[in-house]
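Working notes, beginning with the structure itself.
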């Protein structure tokens, strides 16, 4: 009989930490990404189908929206137009043709602009991304800061004030606020620059990213850069108000929840200064729910742009989508759906990756 | 070492502690028993000034003559971790899940003891070895979720000990663990107390645990200490009816398989009986 | 006879992105009518999984479970036919529907048991609660009281086998022994078998006729309670018993079993206990002892 | 939750929110008696600034804005409530099925929900409204299409939590059928939080609905819908009152329900609150 | 990725260059003249391309030479002969030739794009290097009025062909023409974006008088924002302000209010399958008498006028203002009673988001609804996006419709479309032969030659239409153009709105 370990009872010979041992498996991240991509493809297909069905439900005829009144009276022109856009084929075939194009990376040609949808989107999407990106940036900075302050000043005046303010933030109709902001700041107070992305007197920088601010900075055109930032400010703030309110509420409750955790209590029991505890212990954990919400909020920002772009004459995908939807421009609507759905998926992916960066439990399975 | 006199705590107008008196000695384990909600945890938290939002504490908590209740925040922060340390009940939640073990071990060391990064690391690895974590230097860079419950509790103890405190408050450190793992933790605590001359306040509701490691025993009920005394006395001939009822409700079992000293573990447990002799 | 017969049961947990966990890895056990069997083991060894499999809440991957000769089928969308097996769960705060009066919930049990003569209040009385509690909602009760109500509901269905999955471990020390005894008495009185799961050996010893010790998905030792208590044969059982601290005021430190329960997704080869076993032999590292009543090479049958 | 409600009502914000919400409900009921003018009559001077006789001014067609704002409550509030009720019903049932039955039911329902989530709400609602034709009923339908997944997700999450609760299992062990289990054990235990979410969502739903009307895809003229009134005000910027008052009406209603919902949510127990949080308001 | 920085400066505006910013709500689909037919497209086309004939300022009664230095119409009205001007050059410096003209016009006609109807049945031929003949099958006295349309701009055929231009539907040049200009106009395209802005720059090779502004930025801006922009000095021209929006403009801005040539009208469907009420002549009379024209004019703002007939006041043959219909509530009630239709409810369809000269259809429809309610006719409003609304309109399915007609070319013959069996007539469910006398009057007008004869003939057509037709002409909204004090030379034109090259900086 072998008696082992008798002289070192606590040495725990086989007690390797969990996860230290394990058979070779497919990397969890790879599996995760694979699943994501599959879902993305499924979603993309769903988006095309939904938009196709919806746009074909419309009682209108796209030819009517795209031809003049006179031309509409000429059956030859109408037929010619329908043929050009493949609308004379049976619906399922139209859909298949469209899908085929998609597989080859071709989003089709817009009926209104007579240009490849991809080209239209390449112009409009960056504008919207710039707007929504600026808004999410502003909301993250302000929302998180407000939320942390509210949590730390819990039940005091600051907290109550921030609560009311953030609730107002999520209650203001964006379209109305845009109107009021434009009227007050641009028209009455003459504080902000007008519509569009840069002053009309300036020449747009050569497009690299499509973001006016970045492009002008890259090209070293600082007057254009200043103008771009100035033009971006009001719409971005208007758009951000909702998300600021959302993130403030959210950060507050996330921080409060983390503050109640044992490990925070343990950190305080270690005698660490409050600043260290806040930044190293509390915010790190609170960040996980915060980025989840920020990801969701980005989606709502994209929605918000539809309402804001018209008022600020912002040449973004929101206006394009509105126009396409009302003129039944099927390829354009589908393109918008796909791109926006794609943005959503990318945002989700970024959020997931951020989880991994922040939380070792996700990273190390 | 640590003397608590007439400690009263009220949360939102409700009295949670109604005048607690406790006294901890160097090198001794003071067991604190009592039913759920009797205020054991609150007593421990009050010592460190970590009472929940909206709580008010009065009385005195004297650590070597200084009243901790009256200390300004900054001073108190020096006491926390530096002189009085705490281990919490649930090892699964008392370590930050997103920070490495090493980080959680060293950061208060560097803050309190003003150590350099390398020094702190060296000391941390040594501590991990002391609480018998296998492969301490690799463990330093790992995250809590990569350890089992018992290991995590050992790490939590290592963290508590990092700044060489004089008093250790352990709030039900083994309740969330299996008996076999519990035994290891209890042995560790007892050993540390003996070797380092710590004063330990061991909060537990398990009278068995109490009986095996504590030198002094206090029993709490409804925010009051109803009985205090040496272990053998309190457990064998309880004075307070509440203590008696606690003991009576236990399944009275003879010790299983009458200590057959065939394996090393059992031998060791016999050796440890000297602790009993010392306190008696 | 309505005997529960578990034979070579294997139950696996599959969750996406994680390896398959063999929570029960070939366990055999029987529970006869009127018999109380205690199942003990460390956390995560598969006790709950086994109990749930017996109720059909988990499908068996291999092996079989029969009750009175009938196969236990996994609970699907269909309503459960085998209501003769009832279970009492661990968490007293989750075991009752917070939105319904306890009387109504007990009445469900009565309906299942086809009992038209008893009233819910009668059952409350049997578990030692006042009759008028039937009209109250669960939040008005303490943990111990809730657990009694859960027992009453289970009993109302006139089970032939009652399973308690750690029904007392969430209770105050003072209530534990009481509830355990109550459960034993009620089950035995009605002639039903009782499978009582706990990690607290001293309580199991009080009520069980036989004890089964489980380690990492396997039952390593089975035997009459007194025998196991007084003369444990498997090293794991010994360690388990030796680790119980005694409230005798003597200051004896319990014996320590080194190491942790290994990951059930990746069990060690050979005897599952060998990395922690103080008596480990060469054979233990390679060959699994798949015999009873003590599955240990030290006690291998000739 | 019921026990904690009174506490919630002691909050000043809840009181303000409740009072304003009730005031609007009263206005919606009593608009014909409260409104000084016929909201459709075009008999006042056009674009008159606020003043005696027309305290909120008049619009391009010479209608009294005060009366229109008051009557607007009859259009927006009942529709919003109905919309939220429908979303709760559709989303809740689908989510409950997904959570309870799991497997392919879950996969199918949740993938469809994902699909809807992948579209920005306004754009999808816009396409749906454009496809069905502009009318309030269709706008409600459009918003319903984008709103149900949120409830489905929350309900599914809650049901997933409740489904494994031991009392549900006990019920099944007692031989409850699936439907009885759902009806008796599962659904009653998820309705509370879902209803709180619904309260929180009334505001969002109203914003979406009026947003669609603002885009011309909702209310049919001359109905005094607030979003459409704001849109009318866009054209006459200088006459600030045309857009301001309906905008404020939307703001106050939404704010009132958000005040209420926020307090309710705080009063919820933390576990359900967490489940709700998954869906950012 | 950036190489040397030396080239960059060329992108920046030269100092001293004059930029003009024009705000307008875009109705723009292309910059290819052969396909363009939307107001903004015509506006851009006018600046970039030249046509054979044009109009002088806002006078549309007499076509004047442009690329052609003179024209003669044969007595039978079938052959139009044009003499080309010498010395005209395209933006690349090459001369404008008769071949370019033939190619461009043939391309428009045969490509079957939106404007192809302008040259329906017209044969284009080159007689010699400087002479073009246009031959129509039937008398076509309107042709000189059609030729100024910017859709008939002359392309540099060589360049266009290089980029895929053909004279059939296989044409591929649109892409190219959207990014560059192959015309001989005073401006060339610097950048072209359908949704946000179009930037024009002065054509350095222009053979005529150089335009005053070197650079013109045309931005897509909502009417309301246009107003703010111009008041803040952010832009110099705002094209689409409604009557309400131009009231109270500061005196530093010039406001030009001209009745536009767009006629907004109400149509009452004559098809008894579509409606029980509207085919009834008495019912239509009730509508005509029930509408409060003055009230509509109030909505449309100063500068707008009531349309007495379907032909706008600028054009030959327009009815004099005193023949306009007047509101007569009692008469309307009487007519309604006489019609025998009791408690009528009719559906009024209109494009919800369409605006004409900054005026939205929405308030007009609401006003009409309120007017007719007083008469006892219940009107259900059925707004729809243009696409959907157009579909019903085009198929003649609207019970009541609210639409407008802008002249395709400033000649009354364009309005023969309103007759029974014709384009717009059919949309009102008015089939050929439904009103023989009106059709006869129309035939007479179509073939009349000589201004006086045509004037009388078209007046008669309209009088008959007003008596027994399904159309109720309502108003010609005002085209309100606001310019900064620094801009002069602005003239409103019914076809291309404004000729940018006319604008001068003070």
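List of remarks:
Per-chain numbering from 1; labels A, B, C, D and E assigned in written order.
Convention: a contact is a pair of C-beta atoms (placed from the backbone, for glycine too) under 8 Å apart; a residue touches a chain by one contact, two chains touch by 3 or more.
Remember, it's a predicted structure, so these values are computed and weren't measured experimentally.
Note on connectivity: the fewest steps through touching chains from chain A to chain D is 1. The chain with its Cα centroid farthest from the Cα centroid of chain C is E. Each chain's centre was taken as the mean of its CA atoms, and the one lying most distant from chain B is E. Closest to the protein's overall CA centre, chain by chain, comes A.
For the pairs D-E and B-C, the larger set of C-beta contacts lies at B-C. With centres set at the average Cα position, the gap from chain A to chain C is 50 Å.
Note: centroid distance chain B to chain C, computed from Cα atoms, is 32 Å.
Distance between chain A and chain E, defined via averaged C-alpha coordinates, is recorded as 41 Å. Looking at chain D, one finds that residues 130, 133, 234, 237 touch two or more other chains.
Shared interface positions of chain E, i.e. residues touching 2 or more other chains, are given as 222, 228, 353, 384-385, 388.
Within chain C, the positions touching two or more other chains are listed as 256, 258, 260, 278-279.
Per the touch definition, chain C reaches chain D in the complex via residues 55, 57, 75, 77-81, 83, 85-87, 89-91, 94-100, 105, 108-109, 112, 139, 150, 153-154, 157. Chain contact summary for the complex, chain A toward chain D: residues 39, 42-43, 46-47, 50-51, 54-55, 57-59, 163-164, 167-168, 170-176, 179-180, 183, 187, 246, 249-250, 253, 257, 289, 292-293, 296-297, 299-300, 302-304, 306-307, 311, 318, 321-322, 325-326, 328, 333, 336-337, 340-341, 344-345.
Looking at the complex, you find that chain A touches chain E at residues 58-62, 64-74, 76-77, 80-81, 84, 112-115, 120, 123-124, 182-183, 186-187, 190, 193-197, 200-206, 208, 218-221, 310-313, 315, 319-320, 323, 326-328. Within the complex, the chain A residues that touch chain B are 3, 5-7, 9-13, 15-20, 154, 261-263, 265-273, 276, 280-281, 284-285, 358-361, 364.
For chain E in complex with chain D, the touching residues are 222-224, 227-228, 242, 244-245, 248, 295, 298-299, 352-353, 360, 362-363, 365-367, 369-370, 381-385, 388.
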